[in-house]
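Note that subunit A is present in both complexes that follow, paired respectively with subunit B and with subunit C.
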Partner chain A sequence: MKRTFTRRELLRLMMVGGGAAVLAACGGQSGQSTSQQTTAPAVVSQPGSKVKITYWGSFSGNLGEAEQAMVKAFNESQNEVEVEYQFQGNYEETAQKFTAALQANTTPDVILLSDVWWFGFYLAGAITALDDLARQVNLDFNDYEPVLLNEGVRKGVHYWIPFARSTPLFYYNKSIWAEAGLPDRAPETWAEFSEWAPKLVKSDGSRAAFGHPNGASYIAWLFQGVVWQFGGQYSLPDFTMTMTDPNTLRAAQFYQDTVLKEKWAVLSPNLNQDFIGGAIASMMASTGALAGIQANATFPVGVGFLPRETNFGCPTGGAGLAIVSRAPAEKQLAAMKYIAFATNPTSAGVWARSTGYMPVRISTKQTPEMIEFFKQNPNFKTAVDQLPKTRAQDAARVFVRNGDQIIGKGLERIIVNGEAPSSVFADVNNELTKAAQPILQDLKAVEG
Partner chain B sequence: MATYTPRQERHPNTLRREHRESLLFALFIGPNLLLFAVFTYWPLLYNIYLSMVRWDFLRPTMTFVGLQNYIDAFSDRRFWNIIWQTATFTICSVGLTLILGLLLALLLNQPLRYRNTARAIVFSPVVMSGAVIAVVWSYIFDPRYGLIDQLLGFIGLDSPNWLADPFWAMPAVIIVYVWKNLGYAVVIYLAGLQNIPRELYDAARVDGAGTWERFWNVTLPGLSPVAFFLSVTSVLTCFQAFDIIRVLTNGGPADATTTLIFHLYELGFVSYDAGKAGVVAIVLFLIMLFLTIVQIRYIERQVTYG
Partner chain C sequence: MATINELEQAIKPVVVRRRHIPLSLLGWRIAGYLTLIVAVLIIGLPVYWTVMASFKETREIYSLPVTWWPAKPTFNNFSAAWEAAPFGRYYLNSFITTFFGAGIEVILALFSAYALAYLRFPRKDLVFLLLLAALMVPTEITIVPNYLTVARLGWINTYQGIIIPGAAIAYGTFLLRQAFMAVPHEILEAAHVDGAGHLRILFSVVAPITQPAIVTMALLSIVSKWNEFLWPLIVTNTTDMRTLPIGVFWLRNSEGLTNWGVVMAGSLFLIIPVLITFLFAQRAIVEGMTAGAVKG
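Showing the complex of A and B:
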């Protein structure tokens, strides 16, 4: 016969359950005042044993496979450190989870942070200075591409090591180009492209000459280059916002016209898919998408430098690696060993060849594998050739919390809703100025 | 033999029993109350505090700013726009779910062949994950190769660019939500239909009532408690609708499908503005509280219970 619970027993069980829930809830509250801690805590394990560290990354698809292959290669290359790779979603989601982890005190040891995220965590003291650790593993900063490395330096100290770094490229569909009788190259100027564009459009609306990504897919990153090309900028280095600068507005007007007036461009939520599917003939997109696009496109893919207007302008982008302040000293050192491995001249080459991201080491370009690879795949070389002409982005996008999305949403209003650039960017200017206030305060507190 | 006990001086046994019963009562509700306190009441109170600070989830200290976050929110055109969109979304979704659900339930209440199969199919979207549904629908809505484009093609129409056009994005989200939640409404309506006594129909028929009159005077009043229940739960679900919006449109294009709950997510977990997110949470809470009170107070009065 089945035994049934008595009421008393049931109550007791419920009390235990309720108590456990309370305990669980209390556990989450403990991390509230700890994010400023920057000193490295004590050693965690016996000398000679293997140090296990957790690595949070953001790549999926072919990029994710390449990232995991890197971790595997590292784990097999030595016996001291074992990296456990944990995929956390895209750049934004990784940053969200890291923020939550800081509160809950469940942080990883090494983390991939995008261009717009590392700075906020630096200000909060959540990521640590790397120079001492680099010395301990004999890492030579001089061999890193300076334009990429210097972005992660504050007051002469390294915090963010370039890993999956990119620039935008101009991608075009060579078949459509040939069909339209255009020369096999990217347009040199936007004026030239405006002449070409009508020949690339299909009149039934099934194909546009060019595609813009939406705000969530970082239109503000690509527009950064265009703003510079038009002689404007998002902000000055002292965080003065310049969204209403006449040249910035001129660039925005150009973006609006491509979609609403001349109607040869569209704004697409799935830009890469549209390009692969032939719904758009060209686009600007990250070098990091190159390997994936070439693998999936059924037509020959062409790439070139970004078009000029009054100037050439091209931002760097992508993500780098940082070490978490709160990790114990031994784990920090282990994390540095992984970073040194993942960005050494050989690994940087493997990573660049399998993804399209740029080799972050200067000497990688001279390795025989890379020279041979560039010969076979000239498209991959374009990004590397463009690199010396790139520069770090304006503070408004990368240093202001959510600046990227504030500008991106403004551009959506201009392109999708057809609102006047001057009034939209006046709003954006205000919003950015407001959002910059706490950053400026923190900056003063941290850097003096 | 019964002993007489005066009312005023209770027998010690009775006292002890009353004491024990109230203790038992406390024990019974205790665990639940504790869970509510930890996961509902405390977050609610803490959120009221958060709505009055400036904090980015990262800084060690919060800056108290009083009502400034509320002033900022209420003076923001975007905020009112989002409230308006939330209202549009809720009214359209709930209205369509209730009306289409009723029609489908009436149909599936007929003695048709394969009726149970049809009921299962209608209900199946309810148990599917919102994110999966959103991914599938993003293909269906594609203006070049999507299913809707193909169907419209048969009657010579071009598909709108559903998800990239600010005018069509909200209708697209509403369509998906209604499609997902319709099955639930149908099942509840069906239960309601089966609860209406047959005698009422027989009596109506004897009185010479036609199909329409029977529907209007018997079915509809009989269904009103169910419809009331559905309206309350649907409104509450709509206000919390997040998954499909997040995956299908991410609140865009240009904010066109940003509802209050999505705005709350954006402020909290994209902009990392705990204070402003707190304000939106409070506003959302007050709106839902208000709607629930109104629904219970005024609509329930007109509901006929069997």
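Showing the complex of A and C:
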């Protein structure tokens, strides 16, 4: 029992270790000793022998089994490349280990990085441009969902290919909905939901109408969509922080009111559990949880697009694949072959059906298996239908180191402590601006 | 014998007066028992929950209000956990790394504590101060430098890579030095006179007397090696080198819903061997204490 970390503690730990390591990596180390993983000859050109590559991923449980199955299918589909899948813990641990591996020269060839991590490694020059490699394996970027693909593009160059991508959805408990006499659909606007909500609350306090996650379970991700809905944003693309924008503050005030003034929403560290247990009637949560919730809920589960306010707003999330720039050319090409396979229209369908992540290819939606699957799982179709309306998250959350937690803690102060949004978000704005400084410098060095 | 008679006399009045305990004393006693009960609940409840959850279906675990007894007890979680990952291999790796890791740690601690407690050498205080300083460094901070060292030695994904960086821990030396200091000087001098060397004194005189401290230290070491998660995760890459805690972690879902029944079953795989070790070791701790008391 000596070392158990909460996610937050781990993150903090990584800020200490990882920050220094990324900085050191920026300094441009040249190769030291040969790496552990690449003790095989760097170039394998004899015909008949396979190129062996290492793939670091973050999925465990059912998702891990699906990821292993994908690697196995690839290895059996051809005889030029053999991928070894190595589980490295969750997104944070994988990124931390990659940071250490960059210093020690023990890097893999292809790596799964989450939305908040890939950018830092791009700045450090640790992941490579993919366009040349994609051309060599005839990868058609036009068939990828543009909103997902473009998130991994810098200066017109692809660095991060969408793989396990999710979006938030509005989940509701159909039994409670029926009991309250509400129409069987998600609310179209927050104004409409504010009218519905009092009917969904149980007066003895055993049930709230809606649940917010806490900072550690990524409230800043779900709030991202709400901020857009209210016409605000976290930051502009040039890293100007806009947390004190009147519309951003309006969204924060709305969040505070749901819990403290209207009292129909609660902050919960374990949203999925409360939803399945019936302690909350609705929530916004990742599409990735859909299959698990449907399998374990004792009531029919309804889903819908996120509610609108002045606009519609819904962020994307999840992880994508990148190729390590230090890997030898031949391994990079082999890694690209794997990425092309894992995200081809058929594989993307298999992956989406077994995990609940979004199909990253446009043509996947037209495959007979997918059409059949949509018929059986109309809720999943709702998630996919919402996809074209989503957009990439603001730099403040995904590109600023620890930005997610800075915003999340600010929201906790507003919702739990009842502090005024304007003063809290002014603090958050300052903190984000400060945290963005080193990134802007690196960005200037890398992109000019 | 005289001590025992005195003891009996000291105890007797309490026994006789039992029915007429003054109110204040009764109050203290009730408070004591309440604290005991609270402590047992705080420690025991999570364990109880783990055991019960491992026999429940996932749906039942997620349902509110919570059930304290599985409605439909099932063994499926255990087979599901066992099949989800190569737990046989994890057991082997955990046994190897714990046995050698804790073994080396205990031996190093024994020798270094002996030197610090009994030998005279220059700058001994400085050495002890350094040791205390090492005690204050959180292991998390040493992870990155340790990783770099191990990687340059080519020890990534090997047993020595898991074991060696954690083999010498300052707290073991510190704990045993304190215990050794408490051994009466006369006994050591008697052993000297009888012509015993350092090794003989350590293993035939000091070690038996301080057995409870040594066993306690060994136990702490075993438990911490057995449960260690972050270091083995970082220093290994492939499934066949991984240890049990990583196996349990693998059962959890990184996103979406976790199948808690299976995770709890996996946790039991992890807990049970330590529990058995503890039961055996506990006997040694108690025996050590009584042995010392009677002889003394």
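Structure notes:
FYI, the second predicted complex is superposed on the first by the 402 of 448 C-alpha atoms of A that agree within 3 Å, B and C clash if a C-alpha of one lies under 4 Å from a C-alpha of the other, contacts with A are read in each partner's own complex, and residues count from 1 in each chain.
Keep this in mind: contacts are C-beta pairs under 8 Å (C-beta built on N, C-alpha and C of every residue); 3 or more make two chains touch, one makes a residue touch a chain.
Predicted model, so just to flag it, every value in this text is computed and none were measured.
In the superposed pair of complexes, A:376 makes contact with neither subunit B nor subunit C. When the two structures are aligned on the shared chain, A:203 is found in touch with neither subunit B nor subunit C. Between subunit B and subunit C, the partner in contact with more residues of subunit A is C.
By the document's definition of touching, of the two partners only subunit C reaches A:54; subunit B does not.
Contact with neither subunit B nor subunit C is seen for A:138 once the two complexes are overlaid on the shared chain. By the touch criterion defined above, A:79 lies against neither subunit B nor subunit C after alignment on the C-alpha atoms of chain A. Contact with both subunit B and subunit C is seen for A:279 once the two complexes are overlaid on the shared chain. Judged by the touch definition given at the top, the superposed model places A:105 against subunit C, while subunit B stays out of reach.
When the shared chain is aligned, subunit B comes close enough to touch A:124, but subunit C does not. In the superposition on chain A, A:417 makes contact with subunit B only, not with subunit C. Once the two complexes are overlaid on chain A, the subunit A residues touched by subunit B in the first and by subunit C in the second are 17, 21, 32-33, 36, 96, 100, 103, 277, 279.
Of all residues in subunit A, only 11, 14-15, 17-18, 21-22, 25, 32-36, 92, 96, 99-100, 102-103, 120-121, 123-124, 126, 205-206, 214-216, 266-269, 277, 279, 401-402, 405, 409, 412-413, 416-417, 435, 438, 442 touch subunit B in the complex they form. Interface residues of subunit C, counted against subunit A in their complex, comprise 58-59, 62-64, 84, 139-141, 143-144, 147-148, 151-152, 154, 156-157, 223-224, 227-230, 233-234, 237-239, 249-259. Contact residues of subunit A toward subunit C in the complex are 1-5, 13, 16-17, 20-21, 32-33, 36-37, 54, 58-65, 84, 86-91, 93, 96-97, 100-101, 103-106, 166, 272-274, 276-279, 286, 288-293, 295-296, 298, 318, 356.
Interface residues of subunit B facing subunit A in the complex, by the touch rule stated above, are 27-28, 30-32, 34-35, 38-39, 54, 56-61, 144-145, 158, 163-166, 249-250, 252-256, 269-272.
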